[in-house]
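Both complexes shown next keep subunit A, but they swap its partner, so subunit B is in the first and subunit C is in the second.
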Partner chain A sequence: MFELNRLSEAELESGKYTKIWHGPQHPGITGNMSLELTLSGDDVVECKTHVGYLHRGFEKMMERRTFIQNFPIVCRIAVPEPTFNEYMYAAAVEELAGIEVPDRAQWLRCLNLEMMRLASFLMWLGGASGSFGMNTVYQWTVTHRDYMLDLFEEMTGARIYHMYITPGGVRAPLPEGFTERAMSVMNGIEKLLFEIERVVLNNHIFKLRSQGLGVIDPAMIDPYGIVGPNARAAGLARDVRKDSPYLVYDQLDFEIITGDKSDAYNRTVQRYHEMHQCISLIRQMLEQMPTEGSFHADLPNVLHWKIPAGQTYVKSECTRGEYGYFLVTDGSEYLRRVTIRGPSYTHAIAVMEKLVVGVNIADVAGLMVSLHTYPPEIER
Partner chain B sequence: MGHAGLQLVSDMYMQELCERLIQRFDCDQVVHQKADLSLLRVDKDKLESTLFYLKTHEGFVHLSFVTVIDYIEDDIFRLSYMLHNYDSKSDLAVQAEISRTASTMHSIHHLWAQAWTYQRELKEMYGIDFPGSPRVNDEFCLEGWDGPPPMLRDFDTAKFCEERFVDREGRESQDIKQTMRENLYPERGES
Partner chain C sequence: MKLKDLTSPFYVWQRAFEKPYTQGKPIQERIGAHAYRGFHINDIEKCVGCGTCEEICQNGAIDMVKIAEKASKKGDSGLVPRFDYGRCCWCALCVDICTTGSLGMSNEYTWASDDPDSFRFTPGVDETSWQDSEHNYRRHPDYNLLKLERPEMKVLDPDEGLKSFDEVVAGYDHQQAILEADRCIECEICVATCPANMDIPDYIRAVREQDFEEGLRILYKTNPFSATCGRICTHHCETDCTISTFGKPLAIRWLKRYIVDQIPAERFAEILQDEIVENGQHVSIIGAGPGGMSAAYYLRKKGYGVTVYEASASGGGMLRYGVPSYRLPDDQLDKDIDYIVSLGVEVKYNCKIGRDVEFQQLMDKSDAIFIATGLNQPSSMRINGEDHARVLSGLAVLDDVASGRDPGVGRNVAVIGGGNVAMDAARVCRRLGADVTVLYRRRIVDMPADKEEIHEAHEEHVNFVLQAIPVLIEDADSKEQVTIQWGEAEMVAEEGKRPRPVLQEDRMHTETYDSIISAIGQAGDFSFLPQEISDQMNQHWGKFEVDERQRTAVGKIFVGGDIANDVADAISAIADGKNAAIGIDKFVKDLQ
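For the complex of A and B:
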């Protein structure tokens, strides 16, 4: 089951190998982490991952702050996807405190999450293309991500850290004319995706380099805890939105998308299809969104909250798979413990260390990006 | 089957599963938090066999995470292993308590290939040892750390910072709680 074959000191000192550091500052690294690579010629024979460059002690900080004080902290845990943290923290607090969230707030939350997913995918797609030398594509996707950020600014008042989903609901309803503007942005992104299909997915060089790179064997998936698009590309129909429906996903029309081989190319194709699915979900929600009703539950003075003692685990399907918050309360006005489960924890460490062996040094960045990892959620 | 139907099936399944675990492994402190999440406690020496049984016989093939809760007042760590069953769509937290002063736990890296990363982190952040776990003594997040494990409840973060860092000149520190009270509810005059 466990495979971690390391070279001995004698072998490392034999002069046959070169050791290089890939990161923490490297264009092919997703965020600040580094790979300590041992090379034989151009090929990787061993890899050790190093994290800690972004450790800000979120979990510890949250134990020393009141429930509402934690709210502006959680969105900073996964920079490109703050919304998922906001939702899960709010949902866990609501569950333990017995707070009922109005139906309209559930729709607004779900819309916010899917918009976040699309924005995150756009950023990822640019990075993935750039890692294989297609830097122009990055300009396109980041431009369209910026249009998404405009929508977030309209909806929440902020572009990156929205602090929109609060315990009890959301901070504001949709502004007037938002639906039309959002539909227009969706049309634009859909056009972009057709261009992406032609320029990236049908690109001969990209195919040559990414097909067969970093193949995740289906037998690896459970032992390594692989989730999300990385697992779905290997053919496993697993998605928290379908398996444990939350918010209004059970009222939306979508199916789990799967592939037949999880290599760097098919993981890109998988995410490409999921971006189309995301646009479809956003359109459905914009059409079905309730326009009346409360968007926030009535709550007592937030500075005097005391959540009854308990434990819960709340999870959602983020861009990279199962993302969860395990909250423990002891009846006081502080959290006893919070554990944040991000998919990058296993994808960037155990999975990466296994897949990178035998890979050419030029493809390490492409492999890393194809796993779609965010170091901040490893270090918390 | 609708969402409500699924919930009912999952609820019954989890209750029956917990009954089996109580009989087989003397589990206690069973909590059915929601239809698809239950938590229970098992003796630390039976933890490994419980997890093995759940993985091989009950379909809990996915290890979501391993974490620990520090109950300093009782001098115990409560380790929590969150498992998921993709067939029944349910989560189960298997928890075991160990002494806080002699904190050693059986490694489960042979059950899940990713478990060693969690164990390595817990060694660094809480000082819990997992003998036999690969690279368990390697640094995880903290490079060159020489203090006590920083996630312990009695680790004083303010004191640690005062000893190592210098206040930036011209920067005022405010009590967050007091400031929020004054800004959010000024009319109440709360302090």
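For the complex of A and C:
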């Protein structure tokens, strides 16, 4: 069932098919990658994905920078959600260097990650509705994402690339009055979600176009390495936050949300519920957050910091599923090797090539967005 | 299909009555958050140009540049960071690691210009609207990338220390040394501050990398008295260490000591491997103290035949006869002296110029002469009765103790003075079992002695009487005692000078002691110089005037150490010796 039926050279030359390039300059937020689509009429019969438009060589670059110098780089690996990269890099370095992170820093990190998840979902939601022609919704969600960015600006000193989670802890505690302002933004987003339910989820046209689009068969999940909301929408209760809790997730009250069928519509519903879950987690953390204590561990002198030889794989549940960092050190001041594995790698390449077959050309962007992929994360 | 699915999207119309979210820039301006990481600001008064920002920047966005507004001086390179906003990624690591806290980032974030070069700017120097912004990103005080705390040095318990002349400072253990070496940020501000310009960050790196042989090579390249300086150096480097703005300065002296302590004296020659190619020239040196022996070392390495004339029975000068062994054990000094001698330096001990050899003989046979005889004559207190038999000089007491003689100070001693000799004499007397009172005419902050010496003297129960001016010394009832009259002093401010103590004649005190030790300063003894030569060498306030290479007005005579420089400490004498060696080499070669 996982074999792709590739057309032969003769068939392609037969004149029955049209070949078009979808991307890299496509207004749907599929980002800087492209799909080489072979169409029969309006329907896709074959797809080849092409990456390489965004390769910045991060992994190689990191081998030539000191451990502290890498932390401002990693956030740039996945543009819409830098924080997960910051956390995983820091966690991996801390593990290899044997650094214990103070409790308060764990809470602040966790809050930062959940805020990031919510902001990322908001942007995704705009894209998802936009790619089905509902561009007004995009304006709403991006506005509320901007309010989230305001919070990030206060908390971390920057809007997009926060560079807040450093090896050893975080850079600063919460500013005064932050909790109240964050709570008010959460209330605003909750109200927005209420509107989203009416305007998007209960929209007949949206349902018509998205239901049954890009169905992920539960049997595909493991062979294809499908993770995150894409897998949970199909009924698989798999979430790194629960399965191997990190930071303070074991002290928070939440359950894994699952659906019964992973198509474009249900994946939207899945993320809609997960946004509510994010809000709940953020509220819980703001209430339980310790307000005293250290938020940064003592590091060795970062200008000539050497980490003993070792290797580690650190994973976390990012917005799109399990995200992992594999770090190898050799006892020097530099990383020997780093490999970064984001969920988009499978979702945007193997899964996309499989699911897009038979889809109407007008729904290709919608399908791709429903998988929630970020090309910058494919090309480190 | 439900009816709701058709009707509910019309909910969107409700939004038509809401206020827009957007702001009407440029009429409305959105101000950045308080700690937003915007454009850089720099307080150039605070900035010492250590360049740590440049070092940590992963984008190469920072260059340290020279500016007209700021001159380089001790403790300040005079450079300031220039930022290239074509490269900056706003990570603020430069702000986080700034050693002085001069760097910050304002919350300003818009800047438009048609000149791309204007985005390469020097904050604090180039005029910007955000330099004085109240809202700016600063490193949070509870988060620090610099290591501010120094491992505590183990010292002998003061009461235990008083029982012997054993060394007070124990030295770092291995872990402490590595930890301490790790704190160095390699800014090299200290290199310029050290009179001998020792390669301090390099030998600290050697400690960090535990390559002590390399460390030893680095040490002896710039300082032939490294073993000695590792114990008693006045460490100007530590005073200007950039870490000291927020924390304790690097224990540079103790790290130097740690390197030397790791290597036994007999391995010095094997590790240092100085190859000497004789050049047939000869230099005479008067005085085997740090200045003379340092010149001997560098001249010998340049191939000169060197003869050192020393009046005492051993080398080291003040280091041996003025510094007590609980601060500098003789075996450490011997490490340095023996190594220098092992290079082929000839030292004539117990040979006083003017008594055993005439100065003119040296003039005749040497291509150059270096004089570093030091200040070995106590200065006069200029009060009546100071020639009393129970009035001893601090130098004589220290000399006696160093030579194994009993100075006979008695049980109750007054030490007059506030310099290192006074502190050493007081602490030596404590070790000889006496109660000691230090009389000093100014305040404790005015004392020229090292802070550590004053502190340790306090710890050893030396009694300090401050703002006390001796007026008269006279016989006491017993022949074994002496009486001193002293008056209290008021500090009177003087414009452009340090405050002056003024005697209050209505507040006089009289005390009787077993002995009084005068340690108010020293002077040089130049009686060995023939009058016509002495006349030609210009003196000023008891010091010889020399050029930048220690050369006097008499062509082949070079002078260094306490009789030439105003600092009058060991490391300055060592630097003078090294400097004179360069000067002599040039002088001799120019003649050929």
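Heads up, the rule we're going with is that the second predicted complex is superposed on the first by the 377 of 380 C-alpha atoms of A that agree within 3 Å, B and C clash if a C-alpha of one lies under 4 Å from a C-alpha of the other, contacts with A are read in each partner's own complex, and residues count from 1 in each chain.
Operating definition for what follows: contacts are C-beta pairs under 8 Å (C-beta built on N, C-alpha and C of every residue); 3 or more make two chains touch, one makes a residue touch a chain.
Fair warning: this is a prediction, and the values are worked out from it, not measured in the lab.
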Fit-or-clash call for subunit B and subunit C when the two complexes are aligned on subunit A: clash
Partner chain in contact with A:R65 - subunit B first, subunit C second, else both or neither: both
Touched partner set for A:S244, first subunit B, second subunit C, both or neither: first
Partner chain in contact with A:R337 - subunit B first, subunit C second, else both or neither: first
First, second, both or neither for A:L149, with subunit B first and subunit C second: neither
First (subunit B), second (subunit C), both or neither touched by A:E379: first
Touching partner for A:D222 - first (subunit B), second (subunit C), both, neither: first
Partner chain(s) touched by A:L252 [first = subunit B, second = subunit C, both, neither]: neither
Partner chain(s) touched by A:I349 [first = subunit B, second = subunit C, both, neither]: first
First (subunit B), second (subunit C), both or neither touched by A:V357: neither
Clash-bearing segment of subunit C relative to subunit B, given 6-14, 24-32, 186-194 or 546-554: 186-194
Touching both subunit C and subunit B, counted on subunit A across the two superposed complexes: 65-66, 68-69, 301-303
Complex contact set, residues of subunit C against subunit A: 1, 4-6, 8-9, 11-12, 15, 21, 32-37, 52, 55-56, 58, 89-93, 96-97, 105, 137, 140, 142-147, 182-186, 205, 208
Sites on subunit B touched by subunit A in the complex: 2-3, 31, 33-34, 36-37, 39, 61-65, 67, 69-70, 80, 82, 84, 86, 89, 91, 93, 109-114, 116-118, 134-135, 139-143, 150-151, 153, 155, 157, 176-177, 180-181, 184-185, 190
List of subunit A residues in touch with subunit B within their complex: 1-4, 51-52, 55, 57, 59-60, 63-66, 68-69, 95, 220, 222-225, 227, 238, 243-245, 250, 301-303, 310-313, 315, 322, 324, 326, 328, 336-337, 339, 341, 345-346, 349-351, 379
Subunit A residues touching subunit C - in the complex, by the definition given at the top: 65-66, 68-73, 136, 140, 143, 146, 150, 153-154, 157-158, 161, 163, 169, 171-173, 175, 195, 198-199, 202-205, 207, 294-296, 298-304
